[in-house]
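Attaching a single structure in structure tokens format; questions to follow.
Naming follows writing order (A, B and C), and every chain is counted from residue 1.
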Amino acid sequence: MEQLSPIEFPVGKGSNTSIHKAGMRWGEFVIKIWLQVCALISLVTTAAVVVLLLVESVKFFKVVSPLEFFFGTRWVPLLEPSSFGVLPLLWGTMLITIGAAVIALPMGLACAIYLSEYASDKIRAWVKPTLELLAGIPTIVYGYFALTFVTPLLKTFIPNIQVFNALSGAIVVGIMILPMIATLSDNALRAVPISLRQAAYALGATSYEVTTKVVVPAGLSGVMASYLLAISRAIGETMAVTIASGQTPNLSLSMLESIQTMTAYIVQISLGDTPAGSVGYQTLFAVATMLFLITLVLNIISQWILSRFREVYD
Amino acid sequence: MSTMENADLVNDRKKILQPAVLDLKEVSVLYSGKAAVKKVSCQILRNRITAIIGPSGCGKSTLLRSLNRMNDFVDGVTIEGEILFADQNLYGIEVDPVQVRRRIGMVFQKPNPFPKSIYNNIAWGPSINGYTGSMDELVERSLSQAALWDEVKDRLQESALNLSGGQQQRLCIARALAMEPQVLLMDEPCSALDPISTSRIEDLLFELKTHYTIVIVTHNMQQAARISDYTAFMEMGIMIEFGETDQIFTRPNIKRTEEYVTGRFG
Amino acid sequence: MAFISEQEYQNLQHRHRKARVFQRCCAAVTWASVFLLAVLLYQVCADGLGWLDWQFFNSFPSRFPDRAGLKSALVGTLWMIALVAVFSIPVGISSALYLEEFAGKGKFAKFVELNIANLSGVPSIVYGILGLAIFVRYFALERSLISGALTMSLLILPTIIIAGREAIRGVPMSIRYAALSLGATRWQTTWAHVLPASFPGIMTGVILALSRAIGETAPLILIGAMTFVAFLPQGPMDSFTALPIQIYNWVSRPQPEFHELAAAGIIVLLVVLLLMNATAIYIRSRTERRLK
């Protein structure tokens, strides 16, 4: 082997064995601070949302009693005599959410089961991106779809349905959250170890029994988490229900009538000319706070379920 | 020079006590409070190959990683005792772990070339450390030292991932050598390789020790016996015995060592 | 010769039938969902394709359907994408890098992670309210492009961070160890090895997040993007409209002609989204090939 000549490293000057700090690495330091600041932006965002909603809601509840807000059954914030019972808005949101859930929860799970248990890799590679595409379509498009396709279609079966109705909104929101449930549940079901399925098949179970008695129960927490996320998404959904289901706060049980969801109300206020600072304007924040809290609780439960689920299989 | 004289010379050289490059004084490594390495003391001598053997989970890799502060990246690790490198404690507060790793290189269990060209795999380390000489020369020399030059000289710009496993591992050795480390740490460098690649790397280590100090962790006792000058036997985090390889394998002082090297357990 | 009794045989037949029916039901539901996508696209195209002409692209909004176009909306959306990209990409990638490479696994990192996961579930309309209060009012940026872009950036940051972290986590630890053992600093390792290796994944996430920003309507309504803008924005401080806002405006009018205009607008919006998704796929496939 040829003789080696020593390499000159201008960085570690002096002895070639020094391992002492050669001084502060300022570039590295600055970069680290920058990265940290960026990561803090998300914390600041949360803090800003919470503080904003809290402060404005407190202002609102100085004028309107919480009793009236939470238990009142009339929502007439802008006209005299005004009334600030949020129940009609809450009910509108619930109608849409329940309707969407009735459609999307079973169908989404069926899709997930088909994708993870039955579909060949080729079909899967084709269907899953298609479903993801469906999930990526802007909600305004679903609103358009509800108004120009679903409602006219419903009218041929139910002639007395109103132009703006809860049913049509619920259907499109259901279609909208279905891909989300399908893809997330598919991931959960596929995380169930193959060995579990093989064990069940080895005992002479049919594919139906393996799926319903072994795979789905094993992946249940993941499926539940996807359900909660999807429901939270349905509650926060804005444009489709605003367009499809109208602007009439309504405590009616009928899904054929126009209703108003919390989100649709927020849109209505911000499109109008309600002066900033008035009670009518403050309702915006009170309603948004409710929306925020409801979705937050659902998200937190869903994450809690998911984190437990991860511990089991990882 | 006759073969006889040559053998004598080798024996003589072995007897010349080389200065210690690394001096471990009661080193303990704790994973969130639990000791994985317990009060290990030994000296790593210059231009010698020191092998660390022992059953899996005995703490040999942990000990090796503490020699160039790679354990810093594992959460909850604390070190007790001193590891002296040129009279400086590796874990002293004034010490820069980045500098430590420049002086003390490492080769890992599985070949881990960067997903870049062969050339850039070698050149990256020196370039970030401010090397100003001729990069082409350095790349050629490092690859030659790792006995890889002839195989790759015509395709230096190809991705390193196209090399075979054995070639990749020699590339990783060349990459570490390009930094001219004082010590080269090797963590079971042959465990992922076939026997032919393994023997090439063993030959390589033999040549490298004229310029470098090597510490190698291996679970393969024959390998330790073949290539090393000194052997440390560890069990349950304790260094049971440390001595010249001949002595450890032929007349160990401690019964546990004998049981292990003769294959009665482990 | 019978190995099993008649009753057992019947029972088995029944179980197999159940399995077959179940499988077919699941398949039918899945194909129905795919079919729905087809119906939706067909409906939109049937309504809107006839309106797609040069005049449509080159006109400002109008009270008369024949003269209405989405020039200002399209330009507004392009401005939005550009500004949102400028704000959200560096911040999002930096956050992801910080959380994966620098923050460790301590309580702070866990807290930030939880926080980001929750932020990604906050309804977009709440971001709109935040933007209205903070950017439009507090920072007095008015109902401008920059207010809209900052709001949208906050909205998609969690998505970018989560996708970015996933991509960064996909880089094998052995690559990091290799670099670090050569005496590289954390940042040198990140910049030279982790970032390039995870870049395709990060960019895919970024583009998907940006396409979400393009389609979002509610926050822009809150910010007060105008629905009737008969001029092109000249800079980030100008007021603006955007494709989804224009579409909403047309949808909410009673006349069927405007609904068809909305359909035409939707086609344009979907084509923009499709182009972005195609770009994401292209980037991914190209870098995959280079790595091989």
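Heads up, the rule we're going with is that a residue touches a chain if its C-beta (ideal position, glycine included) is under 8 Å from a C-beta of that chain, and two chains touch if they have at least 3 such contacts.
Just so it is clear, the structure is predicted and the values come from calculations on it, not from any experiment.
A comparison of the A-C and B-C interfaces places the larger number of contacting C-beta pairs at A-C.
Farthest chain from chain C, judged by C-alpha centroids: B. For this pair, chain A with chain B, the centres built from the Cα atoms lie 52 Å apart. Note: centroid distance chain A to chain C, computed from Cα atoms, is 13 Å. Mean C-alpha position of chain B lies 49 Å from that of chain C. Along chain C, residues 185 each make contact with two or more other chains. Those residues of chain B in touch with two or more other chains are numbered 99-100, 102-103, 129.
By the touch rule above, chain C contacts chain A in their complex via residues 15-16, 18-19, 22-23, 25-27, 29-30, 32-34, 36-37, 39-40, 43-44, 47, 90-92, 94-95, 97-99, 102-103, 112, 114-119, 121-126, 128-130, 132-134, 137, 154, 157-158, 161, 185-187, 208, 211-212, 214-218, 221-222, 224, 244, 247-248, 251-252, 259, 262-263, 266, 269-270, 273, 277. Across the complex, chain A meets chain B through its residues 1-2, 4, 6-12, 15-22. Residues of chain B that touch chain A in their complex: 85-86, 88, 90, 94-96, 99-100, 102-103, 126, 129-133, 138, 141, 144-145, 180, 182, 207, 210-211. Across the interface of their complex, chain C is touched by residues 68, 70, 73, 75, 98-103, 105-106, 108, 110, 112-115, 124-125, 128-129, 159, 161, 172, 175-176, 179 of chain B. Listing the residues of chain A that touch chain C in their complex gives 25, 27-28, 31-32, 34-36, 38-39, 41-43, 45-46, 48-49, 52-53, 56, 107, 110-111, 113-115, 117-119, 127, 130-131, 133-134, 136-141, 143-145, 147-149, 175, 178-179, 182, 206-209, 211-212, 229, 232-233, 235-239, 243, 263, 266-267, 270-271, 276, 284-285, 288, 291-292, 295-296, 298-300, 302-303.
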